[in-house]
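Chain IDs A, B, C and D follow the sequence of writing; residue 1 opens each chain.
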Amino acid sequence: MRLLFIGDIVGKPGREIVGAVVPKLRAERGIDFVIANAENAAAGAGITGLIAKTLLESGVDAITLGDHVWDQKGFETDIASLDRVCRPANLPATSPGRDYLIVERNGFRLLVFTVLGRSFMGLKAECPFLCADALLKRLAGQYDGAVIEVHAEATSEKQALGWHLAGRATAVLGTHTHVATADAALLRGHTAFQCDVGMTGPHESVLGREITPVIGRFLDSMPRRCEVAVGDNRLSATLVEFGADGRASGVEWLQVRG
Amino acid sequence: MRLLFIGDIVGKPGREIVGAVVPKLRAERGIDFVIANAENAAAGAGITGLIAKTLLESGVDAITLGDHVWDQKGFETDIASLDRVCRPANLPATSPGRDYLIVERNGFRLLVFTVLGRSFMGLKAECPFLCADALLKRLAGQYDGAVIEVHAEATSEKQALGWHLAGRATAVLGTHTHVATADAALLRGHTAFQCDVGMTGPHESVLGREITPVIGRFLDSMPRRCEVAVGDNRLSATLVEFGADGRASGVEWLQVRG
Amino acid sequence: MRLLFIGDIVGKPGREIVGAVVPKLRAERGIDFVIANAENAAAGAGITGLIAKTLLESGVDAITLGDHVWDQKGFETDIASLDRVCRPANLPATSPGRDYLIVERNGFRLLVFTVLGRSFMGLKAECPFLCADALLKRLAGQYDGAVIEVHAEATSEKQALGWHLAGRATAVLGTHTHVATADAALLRGHTAFQCDVGMTGPHESVLGREITPVIGRFLDSMPRRCEVAVGDNRLSATLVEFGADGRASGVEWLQVRG
Amino acid sequence: MRLLFIGDIVGKPGREIVGAVVPKLRAERGIDFVIANAENAAAGAGITGLIAKTLLESGVDAITLGDHVWDQKGFETDIASLDRVCRPANLPATSPGRDYLIVERNGFRLLVFTVLGRSFMGLKAECPFLCADALLKRLAGQYDGAVIEVHAEATSEKQALGWHLAGRATAVLGTHTHVATADAALLRGHTAFQCDVGMTGPHESVLGREITPVIGRFLDSMPRRCEVAVGDNRLSATLVEFGADGRASGVEWLQVRG
């Protein structure tokens, strides 16, 4: 079976390339599951209920989110009615929204959840290692394979989580830095791992935003509007091949230009 | 001409693979300049004068360093006599050691310096943007091309520096995260850029260190020794092709297994 | 002579208590100079030109600012025409606004400037130690005494700056944490020092803001409006007594209830 | 009844002043409970079993710790046998050591525990708000009053915890910054609160360490030994008066010179 994991969708360009590319990719590559992190889908910060629905209609099976989960006002209410969207699992237990999803295709039940890292992250979260352990244990028997997204800044935390979960997950895939890493591999032989899947959106940019104002901010420390950029739109994703036993047999990172 | 930039050398495995691989690569790929970040060369933390000399004898033309520059006791004295080693340029002006190097080959003078990022970094440094601007301006006329290493954590800061220096440098190459990024490209047509070149050392590890104790630290927050690992030794480097005008015409990331 | 240094003025309650209390204090305590940090004067975040003028008319001689200096849109323009307002001195050199002020009274020229700390601070700044050294040296002969405000989070950085400047400044006074410290003292015999002067505004609050939403944010990590609070309004200030030689002979922290 | 809470004991000077002053204070002020944070008791970093025993013999009833809890090698083993020492309660559940203590005197059972803040702290910890809530609830009926220590950097987090626990605790007292705050008060009428109790040890120092090397580190970013200082030794503590109902009726900060 095949899973496509799409990295942080940024703004309108990101949404558009998903809509244009995903249906084709599904068909051409025989993809069974499409999961996408959409924490920057609304103007670069957060997501709305409407945007979530549009993405889900364009061929995405499940949407995950990161530290920008609550950036759009009202989404804390909208999320309740979105049954294919999950917020990071290690947020406080009282947080609205699902902390995991189980997506089914041809009888295979794929568990999907996100853990936030705790190094250099603004949003406070519970231990991602223990959170992942607990979810995997609690849901044992309800899933045939698990994709765990590590939404984090520090490569140390991402690699440590990859090794910690190796052998217990189909895939451990990183997001948040918006830059894909060149380390896609199978850990312990059957857990697909990559520190970061990269960003889906305009790449002539700084993390998806206009170059000039971002440089300006670094130069003079003054706030300024940094709009979502437009040039060099690309979809970044990781394709994982796995068997009925939930073990990955292949992992390939791909980038499709708009 | 060709430049090979080697990412963070970690411990004895890292030094050994440099010694084994670099001479061969130089010959096979017709490399003119070899620059290596060696901030983790001594047992994973810092470098000594002796190690620097050994690396320089094994085919490395210039050594750069990062936030771990002063980890080894005595190196603040040793560095004075090492004329092919530079410490980050945006450290305080009173810091020992060279803040840049000019390496010459066949009449081409290559300027090399490192700037430390300021996001999520323990070591305090002056503005890397202004530091790079000032050095390029001050040394104008003394170099034919410049390689600027961005030793930083945040992808935003690295990309912003890349765009800021694009058109003025032969290459802007990132280090520090120990994980190579999949974004090697020519910015503005002739500045080679990559967010991170990756690590040179044992890859069955967390950033070059043993997996089990690092996971342990994340799990219980207790300190423990995390030795340099041993398995899956690799050299990570970026190869930049450039002309006599200092403009890059090609960039390729490569990883060589030990 | 006597200097009153007023800590971070927060919102309308803060501005009102300054207007109500400062004229009386000036008269009763024979105060010669009144300096106030007003980085939170506009609705808790930043300051406007209009608010600055109102404060200056209510008996404040000089206004300083901190990391919130640019929070109000347009202030980066307004600041140019405000000749008794200075922004932190260790911001980039190209920043708008004065980096120091010299206030004169009865022939005594008091130098006033602020340095931002670099530990745990969002705004990037140059080294506060070197910045203070440089300003004191560059302006030598133009002032009879110097008040250096350390706008910083970490007590280590504030104490270190206090000792570093002891003997060279009339006073080194901290701001930013919004909580006064109980350590007002004369360092090396004649430099008044206090880690933090505390906040001027509503004290039935968290740092001047409404209690309930702030606790809510800590509990669930979700954003919410945290308005300036209203209850228990107080002015926090430090009174420094000093001679014509610029040496402090007394330091007293005081808090006046509204 | 009366409780004396002693702030971070630093090194030998800190231990000595505790030994010299506490027995006298107990007698003179009629103190029933003495609690002391001793996270810096061993050479400024951590504590040993032997030091803990000595402190407990010198009139301290209970010892608390902070982010430096595991700095001394072997203490993770020693702590098991120390029945009047607790480590921060919001460390991972698997951590060695007690997460709370109940100290009894004249039939009054005083619950004592520490929570670590999560803003600007190196050690990762679970949510201090939820941790405190859970402990208070779980132990309900087993204590007559509770002293909750907030070992944290950010004043916002400390104040928010103070208000959150006001009415449910006898006292909420801060430690970690090593500088006492001037805000000792009764919140909601009967919970004693102070952002920081301050340090017990040499005050001619930076947070208890020698001034010159610490300034040196800020100036050049180079590591150097920063020994525990010697001059101006003081004990910093907060005295809380409370009734049999566990409600505080008075709070007074005091500093005793050696």
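The rule is simple: a contact is a pair of C-beta atoms (placed from the backbone, for glycine too) under 8 Å apart; a residue touches a chain by one contact, two chains touch by 3 or more.
Treat the numbers as computed from the prediction; the structure is a model and nothing was measured.
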item: Chains touching both chain A and chain B; value: C, D
item: Contact-richer chain pair [B-D vs A-D]; value: B-D
item: Listed pair (A-C, A-B or A-D) duplicating the B-C contact set, over half by residue number; value: A-D
item: Whole-Å gap between the CA centroids of chain B and chain D; value: 44
item: Distance between the centres, which are taken as Cα means, of chain D and chain C, whole angstrom; value: 30
item: CA centroid of chain A to CA centroid of chain D, Å; value: 42
item: Residue list for chain B, restricted to those that touch at least two other chains; value: 92, 124, 127, 130, 218-219
item: Residues of chain D defined as touching chain B within the complex; value: 70-71, 76, 91-92, 94-95, 123-125, 218-223
item: Touch list for chain B against partner chain A, complex; value: 120, 127, 129-130, 153-157, 159-161, 163-164, 177-183, 195-196, 198, 205-207, 211, 214-215, 218-219, 253, 255
item: Contact set on chain C toward chain B in their complex; value: 92, 118, 124, 126-127, 130
